[in-house]
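Letters are used for the chains, namely A, B, C, D and E, taken in the order the chains are written, and counting of residues starts over at 1 for each.
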Amino acid sequence: MIAVNAEVLQLLLLLSAALFSLGVYGVLTRKNIIGLLIGLELMANAVNINLVAFARHQGGTAGQVFTLFTIALTVAEVAVGLALVILLHRSRRSTETDAAAQLHG
Amino acid sequence: MSAFDALNGVEILAVDGIVAVGALGLLLADVAMPAGNKRILGYCTLLLLALGFTATFTLDLTGTALGGAYVGDGFAIWCKRIFLAAGFFGVLGGMDETARIGPRRQGEYYQLLMMSLLGMTLLAGARDLILLMVSFELMSLPLYAMAAWGGIGTYPKRKGPLPSMELPAKTKWHRPAEAGLKLYLVGAVSSVVALYGISLLFGIGGSTRFDVLARTMNAGPVMSLAVAMIVGGFAFKIGAAPFHMWVPDTYQGASTPFVAFLSVAPKAAGFAALVQLLLGPLAGHTDTWMPLVLALIIVSLLVGNLMAVPQQNVKRMLGFSGVAQMGFGLMALLAAGTVAHTSGQKSEGLATLLFFLAAYMVANMGVFFVIEAVAASGRTEDETADEKDSDDTLAVFRGLHARSPGLALAGLLFVLSLGGIPFAIGFWAKVWVLLGLWTAGYGWLVVLAAALSAAGLFYYLQIARSMYMTPEGDLPKVTARMELGLAILLLALLTMAVGLFPGPVMEAARVAVGLG
Amino acid sequence: MSHQTLALFVLLSPLVAAVVLFIVAPLRVRGPVSAGITIASTAISLGASVMLAMARMFGQSAPNVDIQAAWLPGGGKVLSTVGVYVDPVAAPMMVVVALVALCVQVYSLGYLGHEPSRDRGRYFAYHALFAFSMLGLVMAPNLLQLFLCWELVGLASYLLIGYYWTKPSAGQAALKAFWVTKFADMGLMLGLMVLFVKTGGFDWTVPPGQVLMTADAEVIAGLLFLAVVGKSAQFPMHIWLPDAMEGPTPVSALLHAATMVAAGVYLIVRAYPIFSLAPTVLTFMVYLGAFTALFAAIVAVFQDDIKKVLAFSTCSQLGYMVAALGTGSMVSGYFHLTTHAFFKALLFLTAGSLIHAVHSNSLHDMGGLWKKMKPTGVLLIIGSLALAGFPMTSGFFSKDLILEELLHAGHIVPLIAAIAAAGLTAFYMTRVVMLSLFGAPSEAAEHAHESPAVMLAPMALLGALALVGGLLHGDFAKMAGAEAAFHITPVGIIATATGLTGIAAGLWRFSPGKRAAVGSQWVSAPMRFVTWLTGNAPVDRAFALFYRRVMLTAAAGVAWFDRYIIDALINLSGWAVLKGAERFRRLQTGRPADYIYAVIAGLIALTAMGVM
Amino acid sequence: MIAMIALSLIALCVVSAGLFAVRSTNLVHSVLWLAVSLAGTSALYLMVGASFLSAIQIILYTGGVITLMLFGVMLTDRNETTKIGNPSERKRLGAVSALAVFALIASAVSSMSFTGGGSTIVHTKAIGQALLTEHLLAFEALSILLLAAMLAAIVVARRRDP
Amino acid sequence: MTGLLSPANAAALAELPLLHIVVAAPFVAAMLLLFINDTKPLAVRLIGVAGSTVSLIASVAIALAYDMTAGGIQMTSSLPLVPSLGISLELGVDGWGVSLLLLTGLIMFAGAFASWTVKTRGREFYLMLLVLVTGVFGVFVSLDLFVFFLFYEIAVLPMYLLIGIWGSSNKVADAGPFKFIWKLLDVGGKEYAAMKLTLMLLIGSALIVAAMIAMYIEAGSTSFDLRHLEKTHFSLGLQMWAFPALWIGFGTLAGIWPFHTWSPDGHASAPTAVSMLHAGVLMKLGAFGVMRIGMVLLPEGAREWAWLVGGVAAINILYGAFAAMAQKDLKYIIAYSSVSHMGVVMLGAATLTVNGWNGAVYQMFAHGLMTGLFFALVGLIYEQAHSRWIPDFGGFAKKQPFIAAFFTLGCLSSLGLPGLAGFVAEWLVFLGAWQSAFSWWAIVGLLGAWITAIYVLRATRRIFWGPAPDPKWTDIRDPIGTEWVALWLLGLALVVFGAVPGLVMDFIDLTTAETLPRVAGQALEVLR
């Protein structure tokens, strides 16, 4: 275990930023909804890393509790998302985002 | 702190308790009931919501609970009233449609609605980042499912945005699925963004409690970043441009009574969340967030009003108009922020926001219910909203004045209220907002908003035009079902009554924010 | 009855008649009823006028009648009043107006006897309106009321010229008369405004203690004179008068000869305190008046329409009056107004009688009527002599006075023009008499017969006045506070000689034996220019050009500009929004991926705003 | 120092796995790369002393999310589902946007000066205590949220009423 | 109308809630109509007439009860609406209000009869009409700026439906540099006209809102009461922008150039009674707003901008007159003449002189009567001939002698013939203009009146005069039955108020004398 000093915090935050950006890249470029969800997970993961880094830096419980919550939130969100993917697949036989592009203008 | 200490003051959660217990109770009842038409659950929901709504008046809900994580104040109570009323009307107006979509499974709809409402009511009093985010998600998740509520139908040939996406006739196509998916995708990304912002906020503040954060946070690039992400993330929920893209599609795709609910309650909740954060721990940092809000206002006003103009589908039109309306809501926030910044106290701006949200709720739900009433009368018994592709275009209102004078009049009233015409509630809301905005020193924005609002009448009047200026031809008479009719009637009465005598309600809004 | 009451009677009786006839349709649509009411009211007016006038003429001097009531408030005070005002200046004019009006109305009973009852009713209602307006004008206590009534007589003129409204030419003429005079009236309005700003009121006298600067007086008088030029048909705004002959002949007699056109002259008489302060305007009046007198007389010579002859003659005579007033002699102009009213009304009525007999205005359709219509013939000759200034007729006295004044004032050129005009006047009137009464009768004249007594009686009355009216010149002068006894002067002799020469020339040129040579071609080739003038063409064409080329073009231009530029620009904004929105909505592609893009783009924008 | 290098290596691992996860053309691979990335994060947590979270991360994410996703892939399995590509114009725009986001966050974060840095050990018990006292309400709300998510997923994914 | 009642009786009359009655009567009638079956047209009409009759009687009673010796604002009452913002239903009436109430009462009464022939959806028609007129009455009796604005909006909005439903479309040829907009907008169509009217007026009212809010806040954010605002001295900075804002905002309704273009299309498309009310009364709301709100509350702004207000008004007068001259559609002529005549009103207002103001308010009154009469007549002609195309007309006087007579009467008032109401107004305005700092306005005004003479009389001649009408006009006839009401009422009013202007002018002058000194300031003394 290493103490999260300013340097480590900085590193973790940058890691989180990088993951977040990768997630952004993922959600922006994926045509497949599951692929898109993967990007979303990366972004969520970045949030978690942030929280953990801060929590460890500050030392209280709040950050860790918060992380716990965000993990749960993310999971719940993905669950609903996947359900929607299945629904879309059932009606359109496709899991691409463009399958849900009839409402426009 | 022991678990018992934490429960001190928990009685201020009575309303939330009613909703939570109600949701669970409905779930249990649903399971326990024999299969069949479960319309009774809808009435139970109504009862529960009415009970909760009454409780906001009869019980003293002010105070602090859970060591400061949850605070009941006038603002929160007022917000809860809006949520509960929106829920009440949403259930009342949607009862038929819900039953038609799935008579045996309508209980689930009400459970989801109650859970979403629980998220909202908690959100209104949340003074803790964790609680804020959890209740925010609790509000959102059921909405995704409710948006996708409904069946899979077949449609005539449809054009897609690209030639390759054209759907041949009779293809199965799930309009609510698309509505839900779009809501979900934009919502999920936005909430992750907001979460990221909140994690940064936590990082610089070192706590999840607002009162602590208010003391410990220092302005800086990270705070700016965090605030931008939070504002952006929440702006999705209120549907402010450019985070509004889901709005028209979801409005068009989802079942109308649900949209009536979706278009008001979560938006009010989004505002509640923004207010908690921006006028709570960030009240001292208005320099950081006001430019962002201002940018959102301008973009929302322009985009909303402009994009609503060419719409032929009423629900889409109302979606875009809602974007513009949210510009007004944000203006109230801006005004409140300015005053908070200069004098450090709660301002009339907040009261105008509350009044505006209430007015918006009444009128907007009303319009959607009128749409539903007209569209429903054209449907056969086993059809659902998403199966008819065109039952919410402007054309469905053709000659409504003759087909149902009452509905037409009510529709006109709601539309005019949204357009900000006197003696309807919406007028007072808009003017009050503008008044506050002027006081805050944004005179130019007042002129812009007022002019755009007037220009916005162009599309609102398209509805009036369709209802009053087109011949009814051989279209059938329209009669709203009992519950739906009751909802429309109540909303119309509210629009008129408060429009004629806005004084008490405005006064109540002022009292709610501590200005009495 | 007190004079106050009498004065009110003068004004109110035609007013009541007019109001009743205009509002109570059942009375109006019945010709005889309408005629009865109108004539009775005019008779009352005449009676009261005569009583009022008698008390002020012939050496008596009853105090002025002055009844005024507040009409318009302004800033808590009275801005202007209306009422009746009878002084020695107004009194004779009242009599003239009421008298000629009564004569004409009675005459009309016969002249319009064949018209539908409904139309006759309308006609007499207009007459009642005219009588009220004209008397109101004459009895105005201030210039504002004078102006109000000035416009109302214009209305009556418009309505009466347009009496035969089914005839397109009548409609044209009515409009032309109204437009031209209305244009000139702007001068009066403007003059009144200047007057009000300078003196604080609308009185024709400068209030005691106030000084009207000459420059201001010139402006006011000049503007008032513009209105006079229009109403009294002075060059170049005389163009409406010949056209106005489209109206029934009695109307021409009353409005367009005797009274209404003289209102301009009367205005100058009334506003003399102001005019007398404006020497430049006065001089201009002399020249314009004299020019009009000569010009119109020349044109009159070449007219074949008997009414047109008389119309141009009226212009010419009004020119005399204007010129006379310009010399500073109010009396001579005013007196000529009076005598002219009698003999010109007489001439028109006799002309009407002739027209009535042959159903044509053209002199060529007449001829030899002397045999058929002796009384009319006699009256025509009397009128012509008076107009020609034959010695001892009324015209002789008044015209002589004017010429004398011109000489006194030293306006030699106008004097020569006036004398020449007098000669021409005699010439063209002789022409009228010769062509209409003598010579071989035309086809139409074969069946002519004398007019009924109801027409002859008023003519006879006017004829008498035309003969002897001139004897009143002394009283006239006294009334105006001037001593003007009639003298035989060199100028008078020259003028009389010129007139007699004109008569002789006319007798010679148009003697029955030469009748074959008459016709519009009787002018010789060198006088082509003058023939051209006879169509009244140049001025008329100029006005028409102004109307078509300037007014209508401007109108079309403005209308086009409004519809296709101003309105289109406003529409354009709407169009741009609609089109722009149509374009803009493509951003809402419907593809969820793009929606996420929007979120991220918004996020980047917001964070960039926040961080930077 | 060694710990620092190890940390950096793991971080590198996490990032590269993330990169592969968003760039892989095979959806299953993508999911698995995500799993790697999440597992790496879990290791990271362990290193900085958040052992409880580390466990949760493994259980919930790797055990939950990844499974869910694989389920999703399987349920909707067709050729075009697993073989996914990113259209090139999207790639460019996405990369630019992602870089912009990274630049913004990184510039803000790196400008921040943190002081100190505690290394106090937070026991799992303390976390549990906090959950049930301070964050009781959020905890309860979360329970309902999970219920709601379940219900929502069922409602959405279920076939329509007969 | 002073002295018709003894002071005691007048005082007793003033005790009645007359202002409430005058505003509420049409509204109550409108609400009653909601409960009447559309299949009973007579009942609908009678209720409409009853509502307007009560209003007319009440407005006459107000005129009788108004105490001329006391002057000022009378019959005040107050009902707080939004206490926290200081918005309150303050009613009261001054001299201007009395005269314009009278006008509205007359026009509405006439309009109720002129709508007798509305065939389709008569109930809704009367309902909207009554709501509209409620707004108009409300504006004239409001002493609270906010309530003023409320009523103003109420008066403007029903127009959209009234024109859109019962209006008629016009053909407007596409030409000019912006030809391409025609297809999309359906220029000339009734819905186009209705929408253009509504949007232009409401965007204008956005400016009003801005100025209103700014004034409220500068006056201490306590009250919208006009009397309170009048006491406030607004900073020059505010006045300099707020006055033009109010001018354009209200002025759009008054048809100021170049924001007048809603007016010809709107009036030409609107059904008879709506044109009557709109041109007759509603446009006056705009002018009234400019004077009562803009000038009285912002005197310095008014003084500083008078040159522009008057200059634009001068443009209005000539521009409207010329544009009217080129029209061939009868309604367009009247509509453009309204633009021209409203220019006279604004010109009078801009003079900032007693006479100019008196004239301006009187012109509102006179033009209201006149244009009401015109539109009633045009409605009758259109109903019988089914055409408004003047080149097709001619000789109508044969079959419609009374319509011809009343039309001529309207024309004469329009061109400012003495003895008719129009003259008094125009004369005073031009006199005031001459007294003002910009004398040339008066000349423009006079020219405008002359051009008016040209086009109105030309129209009269083309429609009514000339040989017997074309055989295709077999159906045209004089009015019958209730059609007479509007003609006689408005026609006689034109004459009576022209011959005895004091009836109304005494009221107007009272208020002018009270308010003008505040606005004109030093300038007034010089000019008087």
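One rule holds in what follows: contacts are C-beta pairs under 8 Å (C-beta built on N, C-alpha and C of every residue); 3 or more make two chains touch, one makes a residue touch a chain.
Predicted model, so just to flag it, every value in this text is computed and none were measured.
K.L.:
Looking at the contacts, which chains touch chain B and chain D alike?
P.N.:
The shared contacts of chain B and chain D, listed by label, come to A, C.
K.L.:
Looking at the contacts, which chains touch chain D and chain E alike?
P.N.:
Common neighbours, chain D/chain E: B, C.
K.L.:
Between C-D and B-C, flag the pair that has more C-beta pairs in contact.
P.N.:
When B-C is set beside C-D, the one with more contacts is B-C.
K.L.:
Which chain has its C-alpha centroid farthest away from the centroid of chain B?
P.N.:
Result for the farthest chain: C.
K.L.:
Taking each chain's centre as the mean of its C-alpha atoms, give the chain farthest from chain A.
P.N.:
C
K.L.:
In terms of CA centres, which chain lies closest to the overall middle?
P.N.:
Taking the mean of C-alpha atoms per chain, the most central one is E.
K.L.:
Per the centroid of Cα atoms for each chain, what is the distance between chain A and chain B, given in Å?
P.N.:
Chain A and chain B have C-alpha centres separated by 26 Å.
K.L.:
Whole-Å distance, chain A centre to chain E centre, using C-alpha means?
P.N.:
Comparing mean C-alpha positions, chain E is 64 Å from chain A.
K.L.:
Quick one: report the Å distance separating chain A from chain C, using the average Cα coordinate of each chain.
P.N.:
97
K.L.:
Report the inter-chain centroid distance for chain A and chain D in whole angstrom, where each centroid is the mean of the CA atoms.
P.N.:
That gives a centre separation of 5 Å.
K.L.:
Residues of chain E touching 2+ other chains?
P.N.:
Counting only residues that touch two or more other chains, chain E contributes 199.
K.L.:
At least two other chains touched by the same residue of chain D: list those residues.
P.N.:
Only 90, 93, 97, 101, 104-105, 107-109, 134-135, 138, 142, 145, 148-149, 152-154, 156 qualify.
K.L.:
Mark out which residues of chain B touch at least two other chains, giving numbers and ranges.
P.N.:
Answer for chain B, listing residues that touch two or more other chains: 130, 134, 137, 141, 144-145, 148, 152, 160-161, 180-182, 185, 189, 193, 221, 224-225, 248-249, 310-311, 455.
K.L.:
Name the touching chain pairs, please: which are they?
P.N.:
A-B, A-C, A-D, B-C, B-D, B-E, C-D, C-E
K.L.:
Could you pull out which chain B residues touch chain A in their complex?
P.N.:
Where chain B meets chain A, its residues are 129-130, 133-134, 137, 141, 144-145, 148, 152, 158, 160-162, 165, 167, 172-175, 177-182, 184-185, 188-189, 191-193, 195-196, 199-200, 202-203, 206-208, 248-249, 252-253, 310-311, 316.
K.L.:
So in the complex, the part of chain A that touches chain B is made up of which residues?
P.N.:
Touch list, chain A to chain B: 13, 20, 23, 27, 33, 36-37, 40, 43-44, 46-47, 50-51, 53-54, 57-58, 60, 62-63, 65-66, 69-70, 73-74, 76-77, 80-81, 83-85, 87-88, 90-92, 97-98, 100-105.
K.L.:
Using the touch definition up top, name the residues of chain C that touch chain D in the complex.
P.N.:
Residue positions touching the partner: 593, 597, 600-601, 603-604, 607-608, 611.
K.L.:
Where on chain D is chain A touching in the complex?
P.N.:
It comes out as residues 3-4, 7-8, 11, 14-15, 18-19, 21-22, 27, 30-31, 34, 37-38, 41, 44-50, 52-53, 56-57, 60-61, 64-65, 68-69, 71-73, 75-76, 78, 80-81, 84-87, 90-91, 93-95, 97-99, 101-102, 105-106, 109-110, 113-120, 122, 126-127, 129-131, 134-135, 138, 142, 145-146, 148-150, 152-154, 156-157, 159.
K.L.:
Could you please specify the touching residues of chain D with respect to chain C in the complex?
P.N.:
Within the complex, chain D touches chain C at residues 90, 93, 97, 100-101, 104-105, 107-108.
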